[in-house]
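The structure's right below; bear with me while I get my questions together.
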Amino acid sequence: MPRKRIINGAQAIREALDQSLAKDPRVFVVGEGVPDPKGVFGTSIGLREKYGKNRVWDMPVAENGMTGACIGAAISGMRPVLVHQRLDFALLSLDQIINNAAKWFYMFGGQQSVPLVIRMVIGHGWGQGAQHSQNLQALFAHIPGLKVVMPSQPQDAKGLLIAAIADPNPVIYLEHRWIHSAQGNVSKKYFTTEIGKAAITKRGSDVTIVSSSYMALEALRAAQLLAKINVDAEVVDLRTISPLDTPAITRSVKKTGHLLVVDSGWTNGGIAGEIIARVVEKHMDVLKKPPARIALPDMPAPSSPGLTKFYYPNIEMIMRKACNIIGKDPVVVAKVLAEDTSLSATPHDVPNSSYMGPF
Amino acid sequence: MPRKRIINGAQAIREALDQSLAKDPRVFVVGEGVPDPKGVFGTSIGLREKYGKNRVWDMPVAENGMTGACIGAAISGMRPVLVHQRLDFALLSLDQIINNAAKWFYMFGGQQSVPLVIRMVIGHGWGQGAQHSQNLQALFAHIPGLKVVMPSQPQDAKGLLIAAIADPNPVIYLEHRWIHSAQGNVSKKYFTTEIGKAAITKRGSDVTIVSSSYMALEALRAAQLLAKINVDAEVVDLRTISPLDTPAITRSVKKTGHLLVVDSGWTNGGIAGEIIARVVEKHMDVLKKPPARIALPDMPAPSSPGLTKFYYPNIEMIMRKACNIIGKDPVVVAKVLAEDTSLSATPHDVPNSSYMGPF
Amino acid sequence: MLRIRMVEEKIVELYPEQQMRCPVHLSIGQEGVAAGVCEALDTKDTVMSGHRAHAHYLAKGGNLKKMIAEIYGRETGCCLGRGGSMHLIDLDANFKGSTPIVGGTIPVAVGLAWAAHMKKEKQVSVIFLGEGTTEEGVWHESVTFAVLHKLRVLFVCENNLYSVYTPLNERQPDRPRTGIAKAHGLYVDHGDGNKALEVYEKTQNAVTHIRSGKGPAFIEFDTYRWREHCGPNFDNALGYRSEEEFLAWQKKDPVAQLEKQALKSGSLTQKTIVSIRSQIEQEVTDAFTFAKKSPYPKKGALNPKFSYAS
Amino acid sequence: MLRIRMVEEKIVELYPEQQMRCPVHLSIGQEGVAAGVCEALDTKDTVMSGHRAHAHYLAKGGNLKKMIAEIYGRETGCCLGRGGSMHLIDLDANFKGSTPIVGGTIPVAVGLAWAAHMKKEKQVSVIFLGEGTTEEGVWHESVTFAVLHKLRVLFVCENNLYSVYTPLNERQPDRPRTGIAKAHGLYVDHGDGNKALEVYEKTQNAVTHIRSGKGPAFIEFDTYRWREHCGPNFDNALGYRSEEEFLAWQKKDPVAQLEKQALKSGSLTQKTIVSIRSQIEQEVTDAFTFAKKSPYPKKGALNPKFSYAS
């Protein structure tokens, strides 16, 4: 990239849709509110005006039916992008996703693939509560036939969405609400980020922190702060949850000998456990210390800020756990955090200080 | 148990329903075909005749709606048992299961619990195919607020179903089709098997094989055959998938130093990985060799017996893997298997030689 | 009804303080339906609702203080702060819960009636839903089962023309939902949601039908959400609906209409209205004070063990 | 139609050999609907179906050998042996697939028509479903969307009175499904599924309506499954339905009726029927021979990589 072009995640996603619609006449976008003036957190604003009603669709609140309809369109040669304003709403369509989309290509003898992208926004903060903030990447990743991507950086948000649309398979595109406002340098051109490849967002030699989506942003900030106390963490941003980039994880762990996995989903049966299992099955010998994970406590998300403060993993927890693994006393962590005034300026339940609710 | 009373899994389940209906007027059973003459593989035969239409219900093919209705009945003080002839059909109701049943108690401040049991039959063999044989225990176990049980022995099938019905929380009761015909000694009385407690079905000191449901039966047979070649395996039958009985697993692994997890679900993101992660997080030091898992290949289930033969884990695979872990040459495995004529007598895709299809 | 209006106007006033840190879906403009329907119910009749539930909760007699405290995320809230505005419950008032998954509570409400049927109880289970919610298949499934067993369910559909910012013509064919309900075998009616007395009467008729064991009913009321789909502000400027449309509906203000009628009929005087207003004002102020003074849940309240009953 | 009957009778005959190792849901007795409907379609019109799909596949021109091979689990099957009887597909014949999750293919078929709409194609997408399948919410959702955009979809409902062994009165209120469909804004008709010519004519009318762009249609045909829900045998002995009911329906045999009519009208003679029969007999025998001779998929065909297209 020659010149810096800083945009946020939502803009990057919009750009991916815009360029995909422009490039491929088979692409269409559908979802509740996609053509409305707010355009799904800004990610689809203006697209109907630009591409017309036949390319940019609103829909009834009928998630299972509309998913099936998208599958039908996909096997007819179209490239639907179905959008859910919350992942939680997509649970109504798991029948079509798991029973049909994931299996269609295999069970019909490889004759028809389902080039379908389902974008699901993961809510976080501002009292979203139990039914508006589920991180169910582990659920989707467990289903063969689906691919699951979960970007953190705007550049990857764009590249992975374009790649997902171009992919002949069903891809679950999980966008954490808080990556929408994350800023980053994004290429202007149409490009793809390869599905199935992790990125090293910070090199380091002491401990490997594997993460994804919003937690990859947190892990990166934690790693930067850890550097101040001479802990040299390597951050692996998975970007794709399924298929997992096991080689990239392994390479890093072989180098550092220490593994911490940070995930935005529930602990039990989550992605973090799977990653740990993969590493120890084949490379237990390279681990100098037992691997560790940080993920959500196994309980529904509460609404009150008094509770979410303790519910979500944060930078401090990541730093402390990293120190623990490598055998460093974590008392210094508090000191480093206290010095960083930017951290305390924003309430824990909003992505940035300009956010005023309500959604 | 004073005298032996051998019945099969389906009879044990029927007995649990019968005794629960008799004991507690709040209990009712509902499901497509529950009152029909075949009574869900025999598990509900005669119950309507005995308890009447107001206790034993058929229903429309409307899984999500009926699950919601059962939740409504449950918070009204009833004890519904909802039955699906295949787990795959319950995917239509994941919205109600995940968004409502699992969270109701927590999100409404602990005021109303949802004492709901959902029985789901897992298809296996006789060409069931991609949409009639999914083993999605990992999916349910990942959701806090649900309990997930998965018995193998008829005694536990009965005791866990009674316990599930008596439990104030939503319990997913997964019954593998092939445990229906498994025989075992079953107490005649009304009794419960504690949810959350694994059983050691064979003691041993060389290697721990953790398993559940039909694979626990296979693991047990494998362990018995392993004994012939002087491999002393300990078999842990999980019985409950969530909450996992981590202490029991840990105790066994501490004793044997070797861990093999066998699961009937897909490998990626499955229960086996979670168990491995739990063990290494806390007790990597006790493992003499890297832990291993045997589970389904990450692809939809095929229908053809030509393919299912290679799709499903079998006794031989378990034996070989166990030998591998403890560093014993597995060539002897083939010999032991060849000697056991009972194994070759039954085609791989039926639970027993009397089974003639079609479902 | 005036009380509901005043409570929500207070939310509007104080939301910018950033202390109600959860989404709020206000019913301002739609109070006539909640008030009219609940007036026709007995205490033991149950009510459930969805994301836009404040009015239904209050009309059914839900505790005001606990609702406001819940919106403020305090441990004194009706869900101990775990739920926020989108999760309301008051078992004493037989308000059995509201949740924000569209359609999520419809079958649950049918299940309440099913349990009542099994227990030979006769209360009516009322479920409020928006016109958008009838697009969900679960509505169809719930209706089928309720009609099949003649369960005592009243489906109250509030047609406010929009689902979030999407107008009806992007979501539904131009045919009445009451026609579908009727074809399913439901007792059906349709009325003006801005006329609380009409709502009350039509509900009474439906409830009489239901109580007699003849089967469930579906009533649709025309209404209009004045403010944004979610949040305290007006949003006509977004352009998804016209200012004229908004003003035309605002003119039909259900609160003002009832007030006018009451004054005309002499059942209320200007003076009593003033005194009622100030009484409510006081109650509302007290509720907000109570909420703001209440503590957040303690750290110990965040424990996985609370996900399960024992 | 006779061909469909003879194919399925052959399945009945050979199933006990235990070589067709997958569930089979036979349409014997219901062939009139499949044959009559598909006769009214063009080749480019598409068909989808559910668990009971043999007749629909064959009537639409699906390859017989590949179907039988699929049921036998052979690599020459229409899904390479991966699907079995419950997963049929023949893209050459525009039979776009059948799957055994009740209701699972309904929205997919609507999606075919949606894609056609976007591409300005005019073929009709036909979806066969049982009367039980209309209980699923996804039917409601699919219908809503199809009517909203006037998609070219024909919903063909075969009412055989049972869902597995459950009679209608345990599942649905006593009201016609056509009434619901009509209230949704569909073109609606209803006919005797045992009269193939009536089926054909009613389908023609519906298809004319659909092709003209006036919107989707729903036709229900009364019919009866003669054999067990799943498998080759008779099952009246189970007691879920009476022998009398069965016999009354069997008398209306759609194959025999058509044959009689053809003989009477002189369009067929007894002699041509005999010759047609023996031709079909040969074709069927060949298909079974082909299937039985075909190899099972190789071990290498079991590979996770085949779950994804590249």
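As written, the chains take the letters A, B, C and D, and residue 1 is the first residue of each chain.
The rule is short, and it goes like this: contacts are C-beta pairs under 8 Å (C-beta built on N, C-alpha and C of every residue); 3 or more make two chains touch, one makes a residue touch a chain.
All figures in this text were calculated on a predicted structure; none of them were measured in a lab.
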**Q.** chain D and chain B - chains in contact with each
**A.** A, C
Q. Just curious, how far off is chain B from chain A if you go by their C-alpha centres, in Å?
A. 32
**Q.** chain B and chain C: spacing of chain centres that average the CA atoms, whole Å
**A.** 42
Q: Starting from the mean Cα coordinates of chain A and chain C, work out the distance between those two points in Å.
A: 35
(Q) Can you list every residue of chain B that touches 2 or more other chains, as numbers and ranges? (A) 59-60, 62, 64-65, 88, 92, 95, 99, 102, 106-107, 129-131, 144-145, 298-300, 302
Q: For chain C, write out the residues touching at least two other chains, lowest number first.
A: 77, 79, 82-83, 87, 99, 101, 104, 135-138, 140-141, 144, 148, 171-172, 304, 306-307
Q: Assign the assembly's chain-to-chain touch graph to one of these shapes: line, ring, star, complete, other.
A: complete
(Q) List the residues on chain B that touch chain D in their complex, please. (A) 32-33, 35-38, 58-65, 88-89, 92, 126-132, 297-300, 302-307, 310-311, 349, 356-359
Q.
Going by the contact rule set out above, which residues of chain B touch chain A in the complex?
A. 64, 88, 91-92, 94-95, 98-99, 102-103, 106-107, 129-131, 134, 136, 138-139, 141-145, 242, 244, 265-266, 268-274, 276-278, 280-285, 287, 290-293, 298-300, 302
**Q.** Of all residues in chain C, those that touch chain D in their complex
**A.** 135-141, 144, 147-148, 171-175, 179-180, 182-185
Q. Quick one: in the complex, what on chain A touches chain D?
A. 28, 54-55, 59-60, 62, 64-78, 95-96, 99-100, 102, 104-113, 144-145, 147, 168-169
(Q) So in the complex, the part of chain D that touches chain B is made up of which residues? (A) 15-16, 18, 20-24, 73-75, 77, 79, 81-87, 99-104, 132-133, 135-138, 163-166, 170-172, 230-232, 238-240, 295-297, 299, 301-304, 306-307
